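Could you have a look at this structure, given as structure tokens, before my questions?
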């Protein structure tokens, strides 16, 4: 799990408060600090040192309950289309339908080892919420999920899944009602209940030790992918491409490739409808934090943010709820700053085209989040030009972070709205999901 | 794949027309007979003899694209609740969300080997349709799916998934608009287009060689499960439980256990709202074919059917679209007749309770079809009584044939309608899926 | 091949006209009138459909006729009464699906009880679209026992060994399926028909062509191409359905059926005259 | 610990009353009136909230105040103007989240520019709810440079080494969080308060208790339990919000605030008298 060659030490990083270069830290209300200390201790013992066989149990449950290992599949038609070798890391096959379970299962199990009695979590797309609800049901822990009102409305199937798994879903009305507000509200709950409750944060964001710990739970993605590449290709890939909201998906897919300096690591953010920003309204019509944001402090960490000139956090926007967040994890911010990870982005339209392309050509309906990675792949690979010059190279692994069952309604609506060419005729869908 | 000890020979059975005891045969329009001959030949060469490495390619695609092997998971809380060892064969983790892909991928690949240019299929729950659409997209074959109008309306998410994968969906208005009518309509299409089209039938039903071939594609379930039991438990289970519509799920789960005579094999059918039959209206409020039906000829095979005294086929009913069929595959009919498989059934209500139990206690939202198996498990195991006397024994494998994402709306509606106790409070769901 | 066939006589003097109707469509009484109208219009043989709930070989026209007939209360027993009530000169052939034949009686004796009863009411043969030659031996045996014909459908795809097997078992006539697909009236004449007739040329059994024949003109061309008879279903059922939908009087619809029957008979006769290649009817 | 603290003087003669309002809630002008009313009502120190878009430590009452203030156009620069425009006797403490402090100026120099500007307009200290002692050194250094206090919040869960670290860095007073959770007026007095005060007894810094204090009665009990001051936010913001919602005149709301302030001051005084255990104010 730990890798001696990585730029920052796992768990304990450059500074005792868990920074990644300039980024990271623990900017939280005092009431939460003891819980973070307790968590740091538990993380060190159970996760890093496998005390009481924690990691063994985690791995076993990830296998049996989650379905790991997850295949690395050659995408035959994309490979042919682009005249490159395109491989898919199929996290969409993980139980729950997204990579999110790796982390949710890890944290709920850890909470159990720590003697906690209740689980709370925020969710954006609902993928982390459903993963947490599933893990909590599996491990018999009461569970409450905070979800922005906007997201509740645009990801209804996931709301139902959480409820059906026995979790309570608390809609958050503050702000634009998306992930940012849900995180704030979950932190408030935690401030009240910290003694017996564990907050299962859903990405590599938040105060130390969350970013390191969430990364470690997801690192199994790149651990497997790297091995699968070596086994199958006899070589490492030229590039790994993954979509980034908070960044758990990217860090999971990148972690074990970081020491392999010839492997390009591409983080694809949501370009939304535009990269321009409306300062006055405090609104960014995108969530391309790494490309357009700057340093600040949000949700417990110093990191890269979308903020106005005063330091107020922007309302981000993306067609995909799971990328719709105004910050990124501190480790990702650091790796971008040091040049190890290249941030890129594609807008809603290109993402939707990517969605339809993967669905009709490969028979895999991706999450809208994931679709951004395929939109980017297409933007690079559909160009004429020497492969040597582009950021991807010959052999590319794309992390299929989740499946798109939750997005059907949004896709139908947006496809019609945008009049996409590549998409199948959607007219039979008139009338929506019922 | 083939097993010398099974009661009927794989592919070629007792009679040259592919019977299982009294059951089976090829009762189809003359125009289809040459296609069946052609298919029989292809099945013999590619599937049974692995010509051109067909089976190797099939297995490799099942692994990479489908996500096999699929785990066998211990159900901790059910095991505790029932004081037995309950294991879950997690076909819900297969790409597409149900066991159906095993067969769909096998047949679409076979069609490609046969030089066919177009795929058609019927679907009930939409699971076979989505699996076929995915396989067809994956293998670059045009695809049309027939689906009864009632099922189109109650399984909308699956309709959308098929469309998004690029398949055409043709609603069938005949009769009650369920699986039976969809099969008839697909056979009609095939009669017109048989020269260049392959009909991917979705269960172990239809004329020879479909029942044997579909079983062989699904037999990987029991092949894996049997090995996993031996690896993990050092022993075979006492019972294997699987829900049965047409029977592909049962035969997949049972096939490699058939020679193990100490392993009980339980096929759980849909008891619907009642086992009584309305002869005059031609309606069975269930689809418990094996328990209440008798011998007849339907959709190409002699088998056990729900029919009235004149031989007209009944309209079956079940809360789960995928079990809502008036027949079963001839092999299953035969195994029930010989006593090797025990047919049982549970009604809509017990199935819904099973659905909620698995969701809240194990963190797995099963398909409504699958939920019948858990309803039955509960009926047996929640009884006080000596384990020795009951049909299940100590160690039980339940085949989790699919996930329930497609069923959320039906479940919400029916849960409210039935006022189920075990279910979580559904009141937040007012307003349905949008 | 059975040597008790009486149906083949219908092909004795010129091309046979073989209409199909679903018995009981849209009602028992009306259906009697319609069948009798076709008889008056020159039918040599009438294929009477006994409706089955899963008619997998039928297109939409006949499917709807079957639904109307079932909703009108048609059952196998009513069907036999229907045949008894009919006053027609044409030979009667029962067209139905195998499950109804199989289930009749106790359901344990196979097709025999059904055939026995059919013979008793005057049915002279069967067409069973979901019973290929490979599955037909029990029915063939019962037919032999009671002196009935068993007609098989030859598809454009039927060839070689399978054709042999079928020709070994057929009696009465072969039903030449004019094209791939389900039943239904079409506006063209299929090329496949000629090819199939050619493959059958060596067999001494009358060849009646069906699937899609609609007008006198079609009939003429089909017979000119070598058919010994024409089978017409959907085009006639369209007339029944139109009459039903528009609420026309039964006599009016019956008259329209009779008119169309004459047109088809005349067309077939023209076809026979034109090419002069009407095959000599075999004497069994 | 800074030896330039002036805020500690506010604790010199009896328990300090420390009200909190969000600057600019619901408008710049009204907010000036409200702060001045609290000053007239007996405030010793006023915690002025500079609203941040993600107030993770606040309950719904203060969250809504922050939304109103932001919608009214409050920014850090306007906040400093606001402080300049205020005419109050009480010491002023700025309560805000770290990102606003950090971003001020070029965004490259850390908290220094913000502290410099705050000092210039007369702010005497900071409370930063998302800045634990572990992350506070840069801000502490800037405060030292410009002679400002840095107040830390002690939670019921703060103990041991962490408490030490905080007490090493605190100046002005410590903000004793009366209970776990976010800000918000409550009807009871938490048991946790006494326990925290006990843990703090050995440290010679004034202890002001906040989170949930609503009435004079609460104030009395808190002070009787050993607090050197009371911090009241949500209960006052409720008055602002009610006035805003009902469209009451600004003077009316201001008067209500002043009345409540007096009630709280009186309660605190009763608490001090009752137990006589008002700690001696330390001289820095």
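Each chain carries a letter (A, B, C and D) given by its place in the written order, and its residues are counted from 1.
Just so we're on the same page, a residue touches a chain if its C-beta (ideal position, glycine included) is under 8 Å from a C-beta of that chain, and two chains touch if they have at least 3 such contacts.
Keep in mind that what you see is a predicted model, and the values were worked out from it rather than measured.
Chemist: Please state, in steps, how far subunit D lies from subunit C along the shortest route of touching chains.
Modeler: Tracing touching chains, the least step count from subunit C to subunit D comes to 3.
Chemist: Report the chain whose mean Cα position is at the greatest distance from that of subunit B.
Modeler: The most distant chain relative to subunit B turns out to be D.
Chemist: I'd like to verify one number: the distance from the centre of subunit B to the centre of subunit D, where each centre is the average of its C-alpha atoms, in whole angstrom.
Modeler: Once rounded, the distance between the two centres reads 66 Å.
Chemist: Return the distance between the CA-based centres of subunit A and subunit D, expressed in whole Å.
Modeler: So the centre of subunit A lies 38 Å away from the centre of subunit D.
Chemist: Quick one: label the inter-chain contact graph as line, ring, star, complete or other.
Modeler: Topology of touching chains reads as a line.
Chemist: Output every touching chain pair, sorted by label.
Modeler: The set of touching chain pairs is A-B, A-D, B-C.
Chemist: Using the touch definition up top, name the residues of subunit D that touch subunit A in the complex.
Modeler: So the residues of subunit D in touch with subunit A come to 52-59, 63, 67, 70, 75-77, 97-100, 102-104, 107, 129-132, 134-135, 152-159, 162, 166, 177, 180-182.
Chemist: Contact residues on subunit A for subunit D in the complex?
Modeler: It comes out as residues 17, 25-31, 33-35, 37, 174-175, 180, 184, 187-188, 191-195, 282, 294-300, 305, 307, 309-313.
Chemist: Within their complex, state which residues of subunit A touch subunit B.
Modeler: Residues in contact with subunit B: 63-65, 67, 70-74, 76-77, 90, 92-93, 95, 97, 133-140, 156-157, 159-161, 163-166, 169, 356, 359-365, 404-405, 408-409, 411-412, 424, 426, 428-429, 432-434.
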